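Take a look at the structures below.
Below are two complexes that have chain A in common, paired first with chain B and then with chain C.
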Partner chain A sequence: MKFKVSEKYGAVIFSIKGKLLGGSETNDFNETIRKYLKEGKKNIVVDLSGVSYVNSTGMGMLIRNYTTVANEGGKLKLAEINERMRGLLSITKLNQIFEIYDSVDEAVGSFRQTAEA
Partner chain B sequence: MDRENQTGFLRNEIKRLRKSLEELSVLNEIATAISSTLELNEIIDLIVWKCIKHLDTEQAAVMLLDEKTPDKPLQTMIRKADKQTNRFIPFRLNSQITGWILKNKKPLLVNDIRTDEKFKWSLSDSSMIKSVLSVPLLHKGEVIGIISAFNKKNENNFTEEDKRLLSIIAAQSSQTIVNARLLEEEKKLLQLEQELKTAAEIQVNILPKEIPEIPGYDIAAINIPAREVGGDYYDFIQKENRIVFCLGDITGKGIPAALLMANLQATFRSQVKIHSTVKDITTSCNTLLKNSTEIDKYATFFAGILDYKNHKITYCNAGHNEPVKVSVNGETVRLSKGGIVLGIMNGIMYEEDTIQIETGDILVVYSDGITETMNSQGAEFGENRLLQTIIDYRNLTAAGLLEKIIKETETFSGQELQSDDKTLLIIRRVK
Partner chain C sequence: MKIKTKEINRKIKVKSTTDNLSRIRDFIHKTGMECKLKKEAIGEIILAVDEACTNVIKHAYHFSPEGEIEINVKCKNNKFSVSITDKGEKFNIKDIKDPDLEEYHKEKRVGGLGIFLMKKLMDEVKYSHLTGNRNRVTLVKYLPN
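Take a look at the complex of A and B:
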């Protein structure tokens, strides 16, 4: 997996590309999230539009980061997940935990609504 | 040539031959000793002692490059000193010598290091070591280590002959050291393989040895790990007039998954004794697993209680692939009620549901290793093929259907290696 980071309206967007297989290749991702949390940036969107495959250890990596962000009082939301991932989230019922959005903009926007409300 | 010159020539010739003979006998001695031992440390030890003896030095050392971290040079080191002296090589001097040899890949002979241009010693550093002869241990052109001799005895200097002898010793030792390392590597691998075999045996014993025999029911189960050990778990526990059964799948594969699988088994078995409902069993398994696993490790888990007197199954599905119940007419029901996967979040209250089991109904519980069986084109066996197989062969016995499903996945994957653990549990009501 590879990832790029961008910021929009106070949310940090992590765009992941490739296969989400967990393991040591996610260390960099985990650390980058922690770095943003330290800066006080706690609205995280993970853009999964470029993810071709995800297995259970890849899901584990998302769960780990979801928890890390939540423990700091923030939220990690998912955007643009493919069919396979939607299926996996549905089977594991992790869709009860993760907020999932059809587009990155919607996910970013959801943080603004929460802030205004 | 006059007589005097001739005598002189012959004397020199005899001296040269004698020296060669000595060298040969030294090498022979080392070769014989080395071939009789295979332990790396013993071999190095022996080389060091022979160097001290035959080069007539106070100290000698062999340092080997760590194969796994070649950027951290010379981790292994065996150094011996002649009994009369017990001087240590200062660290800085040592690292400067190794640095020089790694860079130049050729012998280094320095008889007075205080005055040598190559090194900028401070006097305290060099106070104990006067002369050095170091030779790289080369294998296929790469430095794998260094043999060094320090301080020629009786204030003598190292000679070109010493250098030649040490170079020959080094050349001979390199191959032996490489062989010994390979042998050690092989021994370690063999031991690991043995441990894996033992782990596999332990795991086989963790899984139920016998499938319960219940009047009116036909039950079968199988677990085929992708590697020696796996992360899938199934079980049957008799409790009064009921059978508690489960099938779980731990994230990942191999040893890490197997360790968690054993944890899940122990947890589940203990909670079955304490709680009477399947949702309570699952709820407490979740809490216990959450407290004993890394945040990113989880298990998908399906547990059910078969009440074979009243033909009911109460189940709880914790994020596991939905088991399917197929009735005689081919109708299917998926079992999804429950909650999220086990082990990632505390305080989850799991739910349960009860289904009626009619005569001829089959319940198939499976792990994703079945549906995610891949062929060489990267396509998956998938839910639909599984469902169709179950529907088509719903009249077979539980064991017959189980065999059929496994065969279908194997036919589908062809030459492709099994990438995930496959587990199946089938319960069929016969009357």
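Take a look at the complex of A and C:
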């Protein structure tokens, strides 16, 4: 997997590309999330539109980071997941943990709505 | 239009490294295409086989790269069957309960979803212990007529 980071309206967007398989290749991703948390940037969006495949270890990596962010008082939200991944999140009921948005903009906007509320 | 599945038998043998998982996924993809399976079914089988082989690498061989994994695929009579054989530590699926997803989510636990997914994605998941200290997991998907 590869990922790019960008920021929009105070949210940090991680755009992942390729296969989400967990394991050592996600160390860099985990470290980068921690780096942003230390800077006080706790609104995280993971854009999964470029993910072609995910296994249970990859899903575990998302849960682990969700927990890391939540423990720092932040929130990790998912955006643009494909039909297959939506199905897997439903089978494993992980769709009850993650907030899932159809677009990155909607996910980013949801943080602004929470802040304004 | 009725799509008739083609009868085939294919085999691959790889060393027990996570790097070989992509070879295994490609093998299943190619075999599924050859057998004229639907894209969705191929995707489900690939994930189930990936999870089974990951378990063999982790639990049977404890990440030793010297172990061997043999994968046999048989497509016959609208049944797609994949058997994964190893010579690692014995592993009994009956000892592993399905995760309590409610508890799992409360604790945000990581891991343990692999076997659960295999059972959900395939129609049959069978474990057997063979002569020569071999373990086999067989994953079966019934194909619509």
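Observations on the structure shown:
Here is the rule we use: the second predicted complex is superposed on the first by the 117 of 117 C-alpha atoms of A that agree within 3 Å, B and C clash if a C-alpha of one lies under 4 Å from a C-alpha of the other, contacts with A are read in each partner's own complex, and residues count from 1 in each chain.
The definition used in the following text is that contacts are C-beta pairs under 8 Å (C-beta built on N, C-alpha and C of every residue); 3 or more make two chains touch, one makes a residue touch a chain.
Just so you know, these numbers come straight off a predicted model, no measurement behind them.
Using the contact criterion defined above for the overlaid structures, shared-chain residue A:Asn27 touches neither chain B nor chain C, since it reaches no partner.
Contacts of A:Ser52 after superposition on the shared chain: neither chain B nor chain C is touched.
In the overlay built on the shared chain, the residue A:Ser103 is in contact with neither chain B nor chain C.
Of the two partner chains, neither chain B nor chain C is touched by A:Ser6.
Judged by the number of chain A residues each one touches, C leads among chain B and chain C. In the superposition on chain A, A:Thr92 makes contact with both chain B and chain C.
Taken together, the two structures place residues 56-57, 59-61, 63-64, 67, 91-94, 96-97 of chain A in contact with chain B in one case and with chain C in the other. Residues of chain B touching chain A in their complex: 249, 251-252, 295-298, 300, 318-322, 338-341, 344-345, 368.
Interface residues of chain A facing chain B in the complex, by the touch rule stated above, are 22, 56-57, 59-61, 63-64, 67, 91-94, 96-97.
The residues of chain C lying in touch with chain A in their complex are 18, 21-22, 25, 40, 43, 46-47, 50-51, 54, 101, 105, 108-111, 113-114, 116-117, 120-121. Looking at the complex, you find that chain A touches chain C at residues 19, 21, 23, 53, 55-57, 59-61, 63-64, 66-67, 70, 84, 88, 91-94, 96-97.
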